[in-house]
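Labels run A, B, C, D and E following the written order; every chain starts at residue 1.
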Amino acid sequence: MEFDLHLHKTLGNGNKQFVLDVRLQTQAQRIVIFGESGSGKSLSLQAIAGLIKPDHGHIRIGGRTLFDSTQACFVKPQERGFAYVAQDYALFPHLNVQQNIAFGLNKSWRNPSKEMQNDEVEQWLQRFALTDLAQQYPHQLSGGQKQRTALARALITQPKALLLDEPFAALDTGLKHRMREELAQLQSALAIPLVLISHDEQDVKQFGDTVLHLHQGSNHTP
Amino acid sequence: GELNVSAASSLTNAFKDIAQSYQHQYPGTKLQLNFAASGALLQQLVKGAPVDVLATADQDTMDAAEKQDLILIKERKDFVRNSLVLIQPMNATIKIARLEDLQQGAVKRIAIGNPASVPVGRYAQLALQAARVLPSIEGKLINTVNVRQALDYVARDEVEAGFVYASDAALMLDKVKVAAQIKIDKTITYPVAVTKDSNNQIEAKRFAQFLASPTAQAIFRKYGFKPL
Amino acid sequence: MDIAWTALLLSLKVAGLATLINLVLGIGLGFWMARRRFWGREILDTILTLPMVMPPTVLGYYLLVLLGKKSWLGAWLYQHFGINLIFTWQAATIAAAIVALPLVIKPARAAFEGVDSQLEQVARTMGLSETAVFFRITLPLAWRGILAGVLLGFARALGEFGATLMVAGSIPGKTQTLSIAIYEAVQAGDDALANTMVLMASIVCIVILLAAGKLAPGRVAHLAPK
Amino acid sequence: MDIAWTALLLSLKVAGLATLINLVLGIGLGFWMARRRFWGREILDTILTLPMVMPPTVLGYYLLVLLGKKSWLGAWLYQHFGINLIFTWQAATIAAAIVALPLVIKPARAAFEGVDSQLEQVARTMGLSETAVFFRITLPLAWRGILAGVLLGFARALGEFGATLMVAGSIPGKTQTLSIAIYEAVQAGDDALANTMVLMASIVCIVILLAAGKLAPGRVAHLAPK
Amino acid sequence: MEFDLHLHKTLGNGNKQFVLDVRLQTQAQRIVIFGESGSGKSLSLQAIAGLIKPDHGHIRIGGRTLFDSTQACFVKPQERGFAYVAQDYALFPHLNVQQNIAFGLNKSWRNPSKEMQNDEVEQWLQRFALTDLAQQYPHQLSGGQKQRTALARALITQPKALLLDEPFAALDTGLKHRMREELAQLQSALAIPLVLISHDEQDVKQFGDTVLHLHQGSNHTP
C-alpha cells in the first residue's frame, strides 16, 4: 500500500469547530487532493508533512509508519524527509532567492552565503526561469516568482515524497504547463510519492492517479 | 511655617529624632529634612535648591558654601563633635591597637573613605600620615564613597579593618568592635548655618540654635556623637 | 512602616507619571526614527541612549545644572511662574522619566520597524488618514514590543534613586520615594526595614507587571504545533 | 587623565564581558520563555525584571550578602578554589551583568514571539535540527529586536556603578570603572575631570553603539513607498 | 477616455533592474491585465492604487488625474477611493474576519469591535460564504477563505474603482464562478472602472473589454 491514511483532527474552539476526518488507502503513487475552499486540503497536507499532529489515526506512506496514535508513534517533520511547499510559499525573508533554494542542501548551523555558487542551485534557477533573480529577496519578487522559488527550494532536497499545496496557482498558463512537465519528469525519475493540492482540472488529469475528494473536512459520509 | 533642612547622611538618625522634639516644642513649624552626602547637599544648594538650614559633616564643605556666599557667616556655628575610630569585625583575632599594627601581614585590606571626597577618609589619611604608616599600607586601602560603605565591609568581614566615625560604629556594635580611638590634630566638628536665600531666616536661626540645646545634645549622645 | 507606605505611594505616582510621559515620548520618537530617514538618525538614536551610560547621580547633577534656579531654564520658570522644581516630586518625575526613556524608545523603534508596511498601505487605500492608520494598524501590530520596553521603563523608574536624590532630595512624605527610603534604611543600618521595603517594592512591581502583561496579545499562532 | 584611561579600559572589559554573558543568558532565557509554556512563566518573567526595581546600591548590598566570605556561596568558593570575588573586577562584571540582564531578556522574548512559526516549520521539513532551525531562521529573524535589548544592556553595564561599587569597591586600576571615577570626581567637586570623563564615556558609547547598530538588518521593505 | 495611463518606473539596484513602462488609452471600463509571471502586472496595479509612485508618466481614470509627473501631481492612496486587493491578500492579522471586512466602513481612529453587528458586513459574509468564519483570525483561515475576506473587505467600501490582483487564484472552480458573477454584478451596478489581473482565460473573456498584455514590464515594443 503506497498511501494508508487516517487523519482525525478537531480544530478551533468553542463556538466554531472544524473537524478533519480523512481516510485513504491506495496503491497509487500520485494523489491529487481536490475539493472546495476550506474543505481541509491544506490541513491534510500539513498533517502528512508532520506540521500538525492528528488527534488520532495513522499515516503510512510507502510502507513507512509516520504516525500512529495507537502506538504513540510520531515521526518529526525533520525525519520524514518530505518536500513541502506551503500555499503561501513561506519563503525565508532574510535570504535571497538562491539562498532560499539552497537552504535544504546543508543541514548545518549556517545559512548558505549570499554569493554562493552551486551547480545544483544554478540548474534549478535555470529550470524555473529564476536565474536573473538569484540575488533578489522575497519582497522584491512577483507572486509567481515567489511560488517558483518555493517549489525549487523543496524539490532540490531529493526528498522521499513531494507535498505541494497549489504549487501552480500563481503562474500564467505557459509557465504552469512548463512546471507541470518538470514536476512530472522529476516525480517519475525519482519514483517517489506525490501529493498535490489543486483546483485545476489539468493537474487532476496529469497527476490524479488517485483523487482524494474532500468535502467539509472529510472524504466519506460518516 | 515650613523649614527645609539639608543634613549630612551621617546625621540621619539623630536629626529625625531631633526634628520630632523640635516640632513638639514649636508646633507651628514643619521641618522638611533632606539627607544626602555633604557634597551633594552643597551642589543642590549651589544650583538654587530652596534650603533654609545646612548642616554638613565637615568644615571643608561649609567653607566652600561660605566662599560662594551661600550662607550667613554670622549664623555659622559648630554644634556637635565626632571622633575617628579604627574598627575590626566582631570576631576578629588579629590584634590591632595602634595604627602601626595595620602594617602586619595579616591585615590585607583596610576600608577608608575616599580622601578626595569623603571627610572621614581625609581625617584617616591625616592620622596615617602623622603616624608615618601611610606609605607602607597604601596598597591595602580600599576606597569607599562614604563612611557607611566602609562600615559595611567591616561588618561583613570583607576587610580586616576600617576607619569610621564613632557614631557610625555605634550603629553596629553587634557586628564590629572598636579597635582604637584615633587622635588627630583637628577636631571633627559638624557645622550648621542659615542660608542667604532662606525666606524664613528667623525660624532657621531658631532651629540652628536648637541643635545646641540640652534636648538635642542628649539625642546626639545617644547616637554616639560627642558634645563640643 | 508608615514611612514605607507613604514612600510607596509617592513612588507609584512618580513612576506612573514618568511611564505615561515615556509612553508618549517613546512611541513618538520610536515611530519617528523607525519611519523617517534623515541625516544623523542613527546618531540621534545613540545619543538618546546616553542617559543609560551615565551614573544616575551624575545625570542628576546635570539635571540640577539644568533645572536649578541658577540655570536660565530654572530662572525663567521661577520668574514667570514662581516654580522652583528642585526638591519637588515633579523633579523626581522628570528624573525618572529621563532615566527610563531609552528603555522605551529602542524597543519601540524595533517594534515599529517590524511592522509589515504593506498592511499600512492597504489601510491607506481604504481612505484612512495617517493617524487612523497608525492607531488601527501600526500601533496594535507593534504593541507587544512597545509594551516590553514600557514595562522595563516602569521598573527602572520605580527603582531610580541616584538622579532623583540629586534633584528632588530625600524629604519624607514629599520627595522620599521607596527607592530612596530603602537606600537610607540600608545606610542607617536598619536592614529589617530595608528588607521589608524591598519586598514591598518587589511585590508591587510583580503585580503591576503581571497585570500590564495581560495587555499584550498572545503570540500569533500561524502554523504553531496544533 | 591617566586614571580616566585606565578606568575606561576597565569599564570596557567589564561591560563587554557582562554583555557577552547577557547575550547568551538573554537569548537563552528569552527564547525559552517565548516558546515553552509552563506554569509560572509570566511570574518568572516578572521576577527576572526585579533587578531593575531595586536601587543598584541595594542590589549591590544583596550581592555582597550572596558573594561575600560570610555567605555559603562565598565560603564555598573560598574554601574549594581560594577565590574571593569581592574587590575583583570579576565581581564588577557579575554586578553589571545582573543589572543589565532584564534589558536583554524582555526585548529578546518579544522578538522571538514575533517570528512567524510557519517559517520554522518549513525549515524543519527540510531536515534541519532544532538547533539549526534556531540559528538559521529564528535568530536572524529575531535579531533586530534582540540587538536593541543587547545595546541597551551594554549601555546600562557601562553606566552601572551602584552595585559595582558595593561588591568590587573602587580600587584605582583594579576595580575603579569609569562610572565610579566619574561619580567620585563629581563628589570631589572636580567638575572639569568629571565632564571630561563623561564626554569620554559618551563618545566611546556612541561609537560602539553605532558600530553595533550596523549588525542589524534594515527594515524589510515590502511595499514601502518605492 | 476612461483610462489614460503612462507608467514609467525603474526598480532594483545596480546589477539587476526591472523597468516598467506601460501605456494605455481606452474607453473601456473593464480592463484585464494579462501576461507572464514577473511581467509587471502587480506593479502596474500598485501604481494605479497609489502605492508606488512612477518615476514619470501620468494616470488618469474617468477623467480624473491621479498622477502627472509634468504637473508634480500625485493623489495619495487615501484620496483615490479605490478598492485594492493585494495578490497575497494582506489581511490584518490582529483583526478577525468580520473586523477585516468592516475595516473600511469607518475612517475613525478605532477598529470595529470584535463582536460588531453590521448589516452590510453580514451581507458580504453571506455572499462570500464566510458567515461561519466571522470570528476567526486570518491565521485560522484557508487560502481561499483569506482571499474571499480580502475581496469582501475591498468591495464593501463603495469604491470609485476596483483594482484586483488575481482575486480568484486560490478558489475552486465552483466558487470562482460564483464570485465572478458577484463581481460582474457589482461592477455593472456601480458602473465603476475595474482593473483585474488574471491568468485565467475565463476572466479575460468576462471582464476583458480591453486586455493589457504585458511582457517584461511593457505592453509595446520600445
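Criterion: contacts are C-beta pairs under 8 Å (C-beta built on N, C-alpha and C of every residue); 3 or more make two chains touch, one makes a residue touch a chain.
Since the model is a prediction, treat every value here as computed from it, not as a measurement.
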item	value
Among all chain pairs, the one with the most C-beta contacts	C-D
From subunit C, the most remote chain by mean C-alpha position	A
Identity of the chain that, by mean CA position, is farthest from subunit E	B
Subunit C and subunit D, separation of their C-alpha mean positions in angstrom	19
Rounded Å distance between subunit B and subunit C, as computed from the means of their C-alpha atoms	35
Length of the line joining the C-alpha centres of subunit A and subunit C, rounded to whole Å	48
Where subunit A and subunit D are represented by their mean Cα positions, the distance between them in whole Å	43
Shared interface positions of subunit B, touching two or more other chains	40, 43
Of all residues in subunit A, the ones touching two or more other chains	11, 51, 140
Residues of subunit C whose C-beta touches two or more other chains	57, 61, 116, 118, 121, 220-223
In the complex with subunit B, residue positions of subunit C that touch it	57, 61, 64-65, 67-71, 74, 84, 86-87, 165-166, 169-172, 174-175, 184, 187-189
Residue ranges of subunit C in contact with subunit D within the complex	34, 42-43, 45-47, 49-50, 52-58, 61, 102-103, 106-107, 109-111, 113-114, 116-118, 121, 144-145, 147-149, 151-152, 155-156, 158-162, 179-180, 182-183, 186, 194, 198, 201-202, 205-206, 209-210, 213, 219-224
Subunit D-touching residues of subunit A, taken from the complex the two chains share	49-51, 76-84, 86, 90, 92-94, 103-104, 107-111, 139-140, 157
Subunit B - residues contacting subunit C, complex	4, 6, 9, 12-13, 32-36, 40, 43-44, 46-50, 146, 148, 151, 171-172
Footprint of subunit A on subunit D - complex, ascending	116, 118-119, 121-129, 131-132, 135-137, 140-141, 217, 220-223
